[in-house]
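A, B, C and D label the chains in the order they appear, each numbered from 1.
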Amino acid sequence: MIRIHVSPAAIDLAAEMAATQAPGCGAVATFAGHVRADDGVSVLELEHYPGATEAALARVAEGAVARWALGAATIVHRVGPMHPGDAIVFVAAAAAHRSAALEACAYLIDRLKTDAPFWKRETRPAGAGWVEARAADDAAAARWDGP
Amino acid sequence: MIRIHVSPAAIDLAAEMAATQAPGCGAVATFAGHVRADDGVSVLELEHYPGATEAALARVAEGAVARWALGAATIVHRVGPMHPGDAIVFVAAAAAHRSAALEACAYLIDRLKTDAPFWKRETRPAGAGWVEARAADDAAAARWDGP
Amino acid sequence: MQMLYFAWVRERVGTGAETVAPPSGIATLADLIDWLATRSEGHAAAFADRGRLRAAIDQEFVGLDTPLGDAREVAIFPPVTGG
Amino acid sequence: MQMLYFAWVRERVGTGAETVAPPSGIATLADLIDWLATRSEGHAAAFADRGRLRAAIDQEFVGLDTPLGDAREVAIFPPVTGG
(Lines give C-alpha, C1' and ligand atoms only; values in the text may rest on other atoms or scores of the structure.)
Protein backbone atom coordinates (compact mmCIF):
# COMPACT_ATOMS: atom_id res chain seq x y z
CA MET A 1 0.00 0.00 0.00
CA ILE A 2 1.72 3.17 -1.23
CA ARG A 3 0.47 6.51 0.05
CA ILE A 4 1.75 9.76 -1.53
CA HIS A 5 0.52 13.23 -0.57
CA VAL A 6 1.80 16.67 -1.57
CA SER A 7 -0.21 19.46 0.00
CA PRO A 8 0.03 22.90 1.63
CA ALA A 9 -1.83 21.51 4.66
CA ALA A 10 -0.03 20.82 7.93
CA ILE A 11 1.15 17.18 8.09
CA ASP A 12 -0.70 15.07 10.65
CA LEU A 13 2.29 12.96 11.70
CA ALA A 14 0.31 10.72 14.04
CA ALA A 15 -2.32 9.92 11.42
CA GLU A 16 0.33 9.24 8.77
CA MET A 17 2.26 6.92 11.07
CA ALA A 18 -0.91 5.08 12.03
CA ALA A 19 -1.87 4.67 8.38
CA THR A 20 1.46 3.04 7.49
CA GLN A 21 0.68 -0.54 8.36
CA ALA A 22 -0.12 -3.81 6.66
CA PRO A 23 -0.95 -7.36 7.71
CA GLY A 24 2.18 -9.22 8.77
CA CYS A 25 4.22 -6.02 9.12
CA GLY A 26 5.48 -5.91 12.70
CA ALA A 27 8.04 -3.17 12.02
CA VAL A 28 7.30 0.46 11.17
CA ALA A 29 10.10 3.02 10.74
CA THR A 30 9.40 6.71 10.19
CA PHE A 31 11.31 9.91 9.51
CA ALA A 32 10.02 13.46 9.90
CA GLY A 33 11.83 16.62 8.85
CA HIS A 34 10.91 19.89 10.56
CA VAL A 35 11.79 23.52 9.83
CA ARG A 36 14.66 24.31 12.20
CA ALA A 37 14.17 27.29 14.46
CA ASP A 38 17.79 27.83 15.36
CA ASP A 39 19.33 29.29 12.24
CA GLY A 40 17.43 32.53 11.85
CA VAL A 41 14.88 31.22 9.35
CA SER A 42 11.47 32.80 9.87
CA VAL A 43 9.71 31.40 6.79
CA LEU A 44 10.53 28.40 4.63
CA GLU A 45 8.67 28.19 1.34
CA LEU A 46 8.51 24.99 -0.69
CA GLU A 47 7.88 25.20 -4.43
CA HIS A 48 7.29 22.06 -6.48
CA TYR A 49 6.42 20.77 -9.95
CA PRO A 50 2.81 19.60 -9.68
CA GLY A 51 2.25 16.23 -11.31
CA ALA A 52 5.93 15.47 -11.74
CA THR A 53 6.40 15.65 -7.98
CA GLU A 54 3.79 13.03 -7.20
CA ALA A 55 5.11 10.79 -9.98
CA ALA A 56 8.68 11.09 -8.67
CA LEU A 57 7.60 10.30 -5.11
CA ALA A 58 5.60 7.30 -6.32
CA ARG A 59 8.71 5.99 -8.10
CA VAL A 60 10.77 6.41 -4.92
CA ALA A 61 8.13 4.56 -2.88
CA GLU A 62 7.75 1.81 -5.49
CA GLY A 63 11.51 1.34 -5.49
CA ALA A 64 11.51 0.86 -1.72
CA VAL A 65 8.51 -1.49 -1.73
CA ALA A 66 10.15 -3.69 -4.36
CA ARG A 67 13.62 -3.68 -2.78
CA TRP A 68 12.57 -4.42 0.83
CA ALA A 69 9.24 -6.23 0.23
CA LEU A 70 7.42 -3.56 2.23
CA GLY A 71 3.80 -3.98 3.22
CA ALA A 72 3.28 -0.20 3.22
CA ALA A 73 5.15 2.98 2.34
CA THR A 74 4.11 6.59 2.94
CA ILE A 75 5.60 9.83 1.61
CA VAL A 76 3.98 13.12 2.61
CA HIS A 77 5.54 16.44 1.65
CA ARG A 78 4.23 19.85 2.55
CA VAL A 79 4.49 22.72 0.05
CA GLY A 80 3.98 26.49 0.31
CA PRO A 81 5.03 28.68 3.23
CA MET A 82 5.81 27.17 6.62
CA HIS A 83 7.44 28.19 9.87
CA PRO A 84 9.98 26.90 12.39
CA GLY A 85 8.83 23.67 13.99
CA ASP A 86 6.43 22.79 11.15
CA ALA A 87 6.87 19.35 9.61
CA ILE A 88 8.11 19.62 6.01
CA VAL A 89 8.21 15.94 5.16
CA PHE A 90 7.22 12.57 6.61
CA VAL A 91 8.17 9.15 5.28
CA ALA A 92 7.38 5.74 6.72
CA ALA A 93 7.97 2.10 5.83
CA ALA A 94 6.25 -1.00 7.21
CA ALA A 95 7.88 -4.42 6.86
CA ALA A 96 7.86 -7.83 8.51
CA HIS A 97 11.21 -7.17 10.22
CA ARG A 98 13.05 -4.16 11.54
CA SER A 99 16.11 -4.07 9.31
CA ALA A 100 13.95 -3.81 6.19
CA ALA A 101 11.78 -1.08 7.69
CA LEU A 102 14.76 0.94 8.92
CA GLU A 103 16.71 0.70 5.67
CA ALA A 104 13.67 1.46 3.53
CA CYS A 105 12.88 4.52 5.65
CA ALA A 106 16.40 5.88 5.11
CA TYR A 107 16.09 5.14 1.39
CA LEU A 108 12.78 7.00 1.12
CA ILE A 109 14.14 10.23 2.60
CA ASP A 110 17.55 10.02 0.89
CA ARG A 111 16.01 9.46 -2.53
CA LEU A 112 13.28 12.02 -2.04
CA LYS A 113 15.96 14.67 -1.43
CA THR A 114 17.54 14.15 -4.84
CA ASP A 115 14.82 12.65 -7.03
CA ALA A 116 11.74 14.82 -6.42
CA PRO A 117 11.25 18.34 -7.83
CA PHE A 118 11.01 20.51 -4.72
CA TRP A 119 12.79 23.80 -4.12
CA LYS A 120 13.25 25.54 -0.77
CA ARG A 121 13.30 29.30 -0.31
CA GLU A 122 14.33 30.65 3.11
CA THR A 123 13.57 34.01 4.63
CA ARG A 124 16.21 35.06 7.16
CA PRO A 125 16.92 38.34 8.93
CA ALA A 126 19.44 39.19 6.18
CA GLY A 127 16.95 38.52 3.38
CA ALA A 128 15.41 35.72 1.36
CA GLY A 129 17.03 33.23 -0.97
CA TRP A 130 16.85 29.83 -2.60
CA VAL A 131 18.56 26.99 -0.76
CA GLU A 132 21.51 25.49 -2.63
CA ALA A 133 21.56 21.75 -3.31
CA ARG A 134 24.01 19.85 -1.10
CA ALA A 135 26.64 17.43 -2.39
CA ALA A 136 26.06 15.41 0.80
CA ASP A 137 22.50 14.73 -0.35
CA ASP A 138 23.72 13.38 -3.68
CA ALA A 139 26.16 11.14 -1.82
CA ALA A 140 23.47 9.90 0.55
CA ALA A 141 21.19 9.04 -2.36
CA ALA A 142 23.99 7.42 -4.37
CA ARG A 143 24.77 4.90 -1.63
CA TRP A 144 21.53 3.15 -2.57
CA ASP A 145 22.67 2.74 -6.18
CA GLY A 146 23.72 -0.78 -6.86
CA PRO A 147 24.66 -3.28 -9.50
CA MET B 1 16.16 14.88 26.91
CA ILE B 2 16.00 11.12 27.51
CA ARG B 3 12.60 9.52 28.06
CA ILE B 4 12.35 5.89 29.22
CA HIS B 5 9.09 4.11 30.03
CA VAL B 6 8.38 0.45 30.80
CA SER B 7 4.71 -0.21 31.47
CA PRO B 8 1.85 -2.64 30.87
CA ALA B 9 -0.18 0.22 29.36
CA ALA B 10 -0.78 0.46 25.61
CA ILE B 11 1.86 2.65 23.94
CA ASP B 12 0.56 5.98 22.62
CA LEU B 13 2.78 6.12 19.54
CA ALA B 14 1.60 9.57 18.45
CA ALA B 15 2.23 11.12 21.85
CA GLU B 16 5.66 9.49 22.12
CA MET B 17 6.67 10.71 18.66
CA ALA B 18 5.43 14.23 19.43
CA ALA B 19 7.37 14.27 22.71
CA THR B 20 10.65 13.39 20.99
CA GLN B 21 11.80 16.84 19.99
CA ALA B 22 14.30 19.45 21.03
CA PRO B 23 15.30 22.96 19.92
CA GLY B 24 17.43 22.82 16.79
CA CYS B 25 16.45 19.24 16.00
CA GLY B 26 14.92 19.22 12.52
CA ALA B 27 15.10 15.43 12.12
CA VAL B 28 13.09 12.84 14.04
CA ALA B 29 13.38 9.11 13.26
CA THR B 30 11.19 6.51 14.94
CA PHE B 31 10.77 2.76 15.04
CA ALA B 32 7.77 0.82 16.35
CA GLY B 33 7.54 -2.93 16.76
CA HIS B 34 4.11 -4.57 16.78
CA VAL B 35 2.91 -8.07 17.61
CA ARG B 36 2.59 -9.81 14.25
CA ALA B 37 -0.81 -11.31 13.52
CA ASP B 38 0.29 -13.62 10.74
CA ASP B 39 2.18 -16.39 12.52
CA GLY B 40 -0.53 -17.90 14.68
CA VAL B 41 0.36 -15.99 17.85
CA SER B 42 -2.73 -15.12 19.88
CA VAL B 43 -0.99 -13.72 22.98
CA LEU B 44 2.52 -12.35 23.44
CA GLU B 45 3.63 -11.88 27.04
CA LEU B 46 6.63 -9.76 27.94
CA GLU B 47 8.42 -10.43 31.22
CA HIS B 48 11.17 -8.11 32.44
CA TYR B 49 13.56 -7.39 35.31
CA PRO B 50 12.14 -4.32 37.05
CA GLY B 51 14.77 -1.73 37.86
CA ALA B 52 17.48 -3.38 35.79
CA THR B 53 15.35 -2.91 32.67
CA GLU B 54 14.98 0.82 33.07
CA ALA B 55 18.69 1.17 33.87
CA ALA B 56 19.66 -0.83 30.77
CA LEU B 57 17.37 1.23 28.54
CA ALA B 58 18.78 4.45 29.99
CA ARG B 59 22.31 3.26 29.15
CA VAL B 60 21.25 2.47 25.58
CA ALA B 61 19.67 5.92 25.22
CA GLU B 62 22.64 7.69 26.81
CA GLY B 63 24.95 5.88 24.42
CA ALA B 64 22.95 7.11 21.44
CA VAL B 65 22.70 10.69 22.72
CA ALA B 66 26.46 10.85 23.24
CA ARG B 67 27.39 9.19 19.94
CA TRP B 68 25.08 11.21 17.66
CA ALA B 69 24.67 14.42 19.70
CA LEU B 70 20.92 13.85 19.89
CA GLY B 71 18.60 16.51 21.22
CA ALA B 72 16.13 13.87 22.41
CA ALA B 73 15.81 10.09 22.66
CA THR B 74 12.78 8.02 23.66
CA ILE B 75 12.50 4.32 24.50
CA VAL B 76 9.10 2.92 25.48
CA HIS B 77 8.60 -0.81 26.02
CA ARG B 78 5.35 -2.50 26.92
CA VAL B 79 5.33 -5.47 29.32
CA GLY B 80 2.70 -8.04 30.28
CA PRO B 81 0.23 -9.71 27.92
CA MET B 82 -0.53 -8.19 24.52
CA HIS B 83 -2.21 -9.19 21.28
CA PRO B 84 -1.60 -9.10 17.53
CA GLY B 85 -1.31 -5.52 16.29
CA ASP B 86 -0.37 -4.09 19.69
CA ALA B 87 2.80 -2.01 19.82
CA ILE B 88 5.50 -3.77 21.87
CA VAL B 89 8.21 -1.15 21.61
CA PHE B 90 8.76 2.39 20.34
CA VAL B 91 12.08 4.19 19.99
CA ALA B 92 12.76 7.65 18.60
CA ALA B 93 15.74 9.95 18.09
CA ALA B 94 15.78 13.69 17.37
CA ALA B 95 18.87 15.32 15.88
CA ALA B 96 19.85 18.35 13.85
CA HIS B 97 20.26 16.29 10.67
CA ARG B 98 18.70 13.19 9.24
CA SER B 99 21.66 10.82 9.10
CA ALA B 100 22.22 11.16 12.86
CA ALA B 101 18.53 10.64 13.65
CA LEU B 102 18.25 7.60 11.37
CA GLU B 103 21.41 5.91 12.61
CA ALA B 104 20.60 6.60 16.25
CA CYS B 105 17.10 5.17 15.81
CA ALA B 106 18.54 1.93 14.40
CA TYR B 107 21.07 1.83 17.26
CA LEU B 108 18.34 2.24 19.88
CA ILE B 109 16.31 -0.73 18.66
CA ASP B 110 19.31 -2.94 17.85
CA ARG B 111 20.88 -2.40 21.27
CA LEU B 112 17.59 -2.71 23.13
CA LYS B 113 17.15 -6.18 21.66
CA THR B 114 20.39 -7.49 23.17
CA ASP B 115 21.08 -5.23 26.17
CA ALA B 116 17.78 -5.01 28.06
CA PRO B 117 16.31 -7.81 30.21
CA PHE B 118 13.04 -8.64 28.49
CA TRP B 119 11.73 -12.11 27.67
CA LYS B 120 8.92 -12.95 25.23
CA ARG B 121 6.49 -15.82 25.71
CA GLU B 122 4.19 -16.67 22.80
CA THR B 123 0.88 -18.49 22.86
CA ARG B 124 0.18 -20.26 19.56
CA PRO B 125 -2.43 -22.82 18.52
CA ALA B 126 0.09 -25.59 19.29
CA GLY B 127 0.83 -24.28 22.78
CA ALA B 128 2.86 -21.66 24.61
CA GLY B 129 6.61 -21.21 24.83
CA TRP B 130 9.47 -18.79 25.41
CA VAL B 131 10.93 -17.15 22.34
CA GLU B 132 14.54 -18.13 21.62
CA ALA B 133 17.16 -15.40 21.27
CA ARG B 134 18.28 -14.81 17.69
CA ALA B 135 21.89 -14.76 16.52
CA ALA B 136 20.83 -12.11 13.98
CA ASP B 137 19.99 -9.78 16.87
CA ASP B 138 23.45 -10.21 18.36
CA ALA B 139 24.96 -9.45 14.96
CA ALA B 140 22.79 -6.36 14.51
CA ALA B 141 23.82 -5.04 17.91
CA ALA B 142 27.49 -5.87 17.37
CA ARG B 143 27.73 -3.73 14.23
CA TRP B 144 27.58 -0.69 16.54
CA ASP B 145 30.61 -1.87 18.50
CA GLY B 146 33.68 0.05 17.53
CA PRO B 147 37.06 1.30 18.61
CA MET C 1 5.86 23.66 -26.77
CA GLN C 2 4.91 24.34 -23.17
CA MET C 3 7.82 25.68 -21.05
CA LEU C 4 7.77 25.54 -17.24
CA TYR C 5 10.27 27.28 -14.96
CA PHE C 6 10.77 26.80 -11.23
CA ALA C 7 12.50 28.51 -8.29
CA TRP C 8 15.14 31.09 -9.30
CA VAL C 9 14.88 30.12 -12.97
CA ARG C 10 11.22 31.17 -12.80
CA GLU C 11 12.11 34.39 -10.96
CA ARG C 12 14.79 35.37 -13.48
CA VAL C 13 12.73 34.53 -16.56
CA GLY C 14 9.86 36.48 -15.00
CA THR C 15 7.20 33.82 -15.51
CA GLY C 16 6.58 30.24 -14.47
CA ALA C 17 5.13 29.17 -17.81
CA GLU C 18 5.19 30.18 -21.45
CA THR C 19 4.41 28.63 -24.81
CA VAL C 20 7.22 28.75 -27.36
CA ALA C 21 7.73 27.62 -30.95
CA PRO C 22 11.43 26.94 -31.42
CA PRO C 23 12.74 27.14 -34.99
CA SER C 24 13.83 24.02 -36.81
CA GLY C 25 17.39 23.04 -35.99
CA ILE C 26 16.73 23.03 -32.22
CA ALA C 27 17.51 19.35 -31.63
CA THR C 28 18.45 18.99 -27.97
CA LEU C 29 17.58 20.54 -24.63
CA ALA C 30 20.90 22.41 -24.75
CA ASP C 31 19.97 23.87 -28.16
CA LEU C 32 16.58 24.91 -26.75
CA ILE C 33 18.22 26.65 -23.77
CA ASP C 34 20.62 28.53 -26.10
CA TRP C 35 17.65 29.73 -28.10
CA LEU C 36 15.51 30.61 -25.04
CA ALA C 37 18.41 32.69 -23.65
CA THR C 38 18.01 35.08 -26.60
CA ARG C 39 14.37 35.88 -25.82
CA SER C 40 14.96 38.47 -23.05
CA GLU C 41 17.50 39.70 -20.52
CA GLY C 42 15.61 37.67 -17.91
CA HIS C 43 15.94 34.51 -19.98
CA ALA C 44 19.63 35.24 -20.52
CA ALA C 45 20.17 35.65 -16.75
CA ALA C 46 18.21 32.50 -15.94
CA PHE C 47 20.19 30.35 -18.37
CA ALA C 48 23.66 31.89 -17.97
CA ASP C 49 25.10 29.10 -15.79
CA ARG C 50 24.31 25.86 -17.59
CA GLY C 51 25.94 23.80 -14.81
CA ARG C 52 23.25 24.90 -12.35
CA LEU C 53 20.32 23.89 -14.58
CA ARG C 54 18.32 20.69 -14.51
CA ALA C 55 15.44 19.76 -16.81
CA ALA C 56 12.54 17.45 -17.48
CA ILE C 57 10.85 16.51 -20.75
CA ASP C 58 7.22 15.54 -20.36
CA GLN C 59 7.86 15.23 -16.61
CA GLU C 60 10.81 12.84 -17.01
CA PHE C 61 14.12 14.11 -15.60
CA VAL C 62 16.77 14.09 -18.32
CA GLY C 63 20.24 15.42 -19.09
CA LEU C 64 20.71 18.62 -21.10
CA ASP C 65 22.09 16.67 -24.05
CA THR C 66 18.77 14.85 -24.49
CA PRO C 67 17.03 15.18 -27.88
CA LEU C 68 13.74 17.07 -27.64
CA GLY C 69 11.93 14.58 -29.87
CA ASP C 70 8.26 15.51 -29.90
CA ALA C 71 8.32 17.02 -26.41
CA ARG C 72 5.08 18.69 -25.33
CA GLU C 73 6.19 19.99 -21.89
CA VAL C 74 9.73 21.04 -21.03
CA ALA C 75 10.66 22.19 -17.51
CA ILE C 76 13.90 23.94 -16.54
CA PHE C 77 14.88 24.43 -12.90
CA PRO C 78 17.75 24.46 -10.40
CA PRO C 79 19.00 21.31 -8.61
CA VAL C 80 16.24 20.13 -6.29
CA THR C 81 16.26 20.81 -2.53
CA GLY C 82 13.27 19.02 -1.04
CA GLY C 83 12.91 16.98 2.11
CA MET D 1 21.78 -13.32 49.09
CA GLN D 2 18.68 -12.46 47.08
CA MET D 3 18.19 -14.68 44.01
CA LEU D 4 15.93 -13.65 41.12
CA TYR D 5 14.88 -15.93 38.23
CA PHE D 6 13.17 -14.94 34.99
CA ALA D 7 11.35 -16.59 32.08
CA TRP D 8 11.87 -20.38 31.81
CA VAL D 9 14.51 -20.32 34.54
CA ARG D 10 11.82 -18.99 36.89
CA GLU D 11 9.31 -21.58 35.66
CA ARG D 12 11.69 -24.51 36.18
CA VAL D 13 12.94 -23.37 39.58
CA GLY D 14 9.32 -22.86 40.58
CA THR D 15 9.71 -19.37 41.99
CA GLY D 16 10.88 -15.95 40.79
CA ALA D 17 12.73 -15.06 43.96
CA GLU D 18 14.39 -16.76 46.92
CA THR D 19 16.91 -15.89 49.60
CA VAL D 20 19.90 -18.21 49.84
CA ALA D 21 23.02 -18.48 52.03
CA PRO D 22 25.70 -20.18 49.95
CA PRO D 23 28.45 -21.95 51.91
CA SER D 24 31.98 -20.58 51.94
CA GLY D 25 33.97 -21.70 48.92
CA ILE D 26 31.32 -20.41 46.45
CA ALA D 27 33.54 -17.86 44.71
CA THR D 28 32.03 -17.25 41.26
CA LEU D 29 28.63 -17.17 39.60
CA ALA D 30 29.41 -20.58 38.08
CA ASP D 31 30.11 -21.97 41.58
CA LEU D 32 26.82 -20.50 42.80
CA ILE D 33 24.90 -22.09 39.93
CA ASP D 34 26.50 -25.50 40.65
CA TRP D 35 25.42 -25.20 44.25
CA LEU D 36 21.89 -23.92 43.43
CA ALA D 37 21.40 -26.90 41.09
CA THR D 38 21.58 -29.25 44.11
CA ARG D 39 18.67 -27.56 45.90
CA SER D 40 15.80 -29.27 44.03
CA GLU D 41 14.90 -31.10 40.84
CA GLY D 42 13.49 -27.81 39.55
CA HIS D 43 16.77 -26.02 40.19
CA ALA D 44 18.65 -28.85 38.51
CA ALA D 45 16.43 -28.60 35.43
CA ALA D 46 16.73 -24.81 35.30
CA PHE D 47 20.52 -24.85 35.45
CA ALA D 48 21.25 -27.98 33.38
CA ASP D 49 22.34 -26.15 30.22
CA ARG D 50 24.90 -23.56 31.33
CA GLY D 51 25.29 -22.22 27.78
CA ARG D 52 21.71 -20.96 27.79
CA LEU D 53 22.05 -19.01 31.05
CA ARG D 54 22.80 -15.32 31.51
CA ALA D 55 23.19 -13.46 34.79
CA ALA D 56 23.38 -10.13 36.56
CA ILE D 57 25.01 -9.20 39.87
CA ASP D 58 23.36 -6.25 41.59
CA GLN D 59 21.63 -5.49 38.26
CA GLU D 60 24.85 -5.43 36.22
CA PHE D 61 25.04 -8.01 33.41
CA VAL D 62 28.12 -10.18 33.89
CA GLY D 63 29.69 -13.41 32.63
CA LEU D 64 29.29 -16.66 34.57
CA ASP D 65 32.97 -16.63 35.55
CA THR D 66 32.50 -13.39 37.51
CA PRO D 67 33.43 -13.45 41.23
CA LEU D 68 30.41 -12.95 43.46
CA GLY D 69 32.23 -10.49 45.74
CA ASP D 70 29.71 -9.09 48.19
CA ALA D 71 26.76 -9.47 45.84
CA ARG D 72 23.39 -8.68 47.37
CA GLU D 73 21.14 -9.50 44.37
CA VAL D 74 21.93 -12.16 41.77
CA ALA D 75 19.61 -12.75 38.80
CA ILE D 76 19.75 -15.78 36.47
CA PHE D 77 17.80 -15.90 33.24
CA PRO D 78 17.82 -16.97 29.56
CA PRO D 79 19.24 -14.81 26.77
CA VAL D 80 17.04 -11.73 26.41
CA THR D 81 14.38 -11.42 23.68
CA GLY D 82 12.91 -7.92 23.97
CA GLY D 83 12.01 -5.39 21.32
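Before moving on, here are some points about what is shown:
Following the convention adopted for this analysis, a residue touches a chain if its C-beta (ideal position, glycine included) is under 8 Å from a C-beta of that chain, and two chains touch if they have at least 3 such contacts.
Everything quoted here is computed from the prediction, not taken from an experiment.
The set of chains touching chain B and also touching chain D is empty. Chain centres here are Cα averages; for chain A and chain C they lie 26 Å apart.
Separating the centre of chain A from that of chain B, both taken as means of CA atoms, is a distance of 23 Å.
Rounded to whole angstrom units, the spacing between the C-alpha centres of chain B and chain C is 49. For chain A, the set of residues that touch two or more other chains comprises 33, 98, 109. Annotation for chain C: residues 83 touch two or more other chains.
By the document's touch criterion, interfaces exist between A-B, A-C, B-D. Looking at the complex, you find that chain C touches chain A at residues 4, 6-8, 10, 56, 59, 61, 75, 77-83.
Those residues of chain A lying in contact with chain C across their complex are 33, 46-49, 51-52, 55-56, 77, 88-89, 109, 112-121, 130-134, 137.
Of all the residues in chain A, the ones that touch chain B in their complex are 13-14, 17-18, 21, 23-38, 96, 98-99, 101-102, 105-106, 109, 140.
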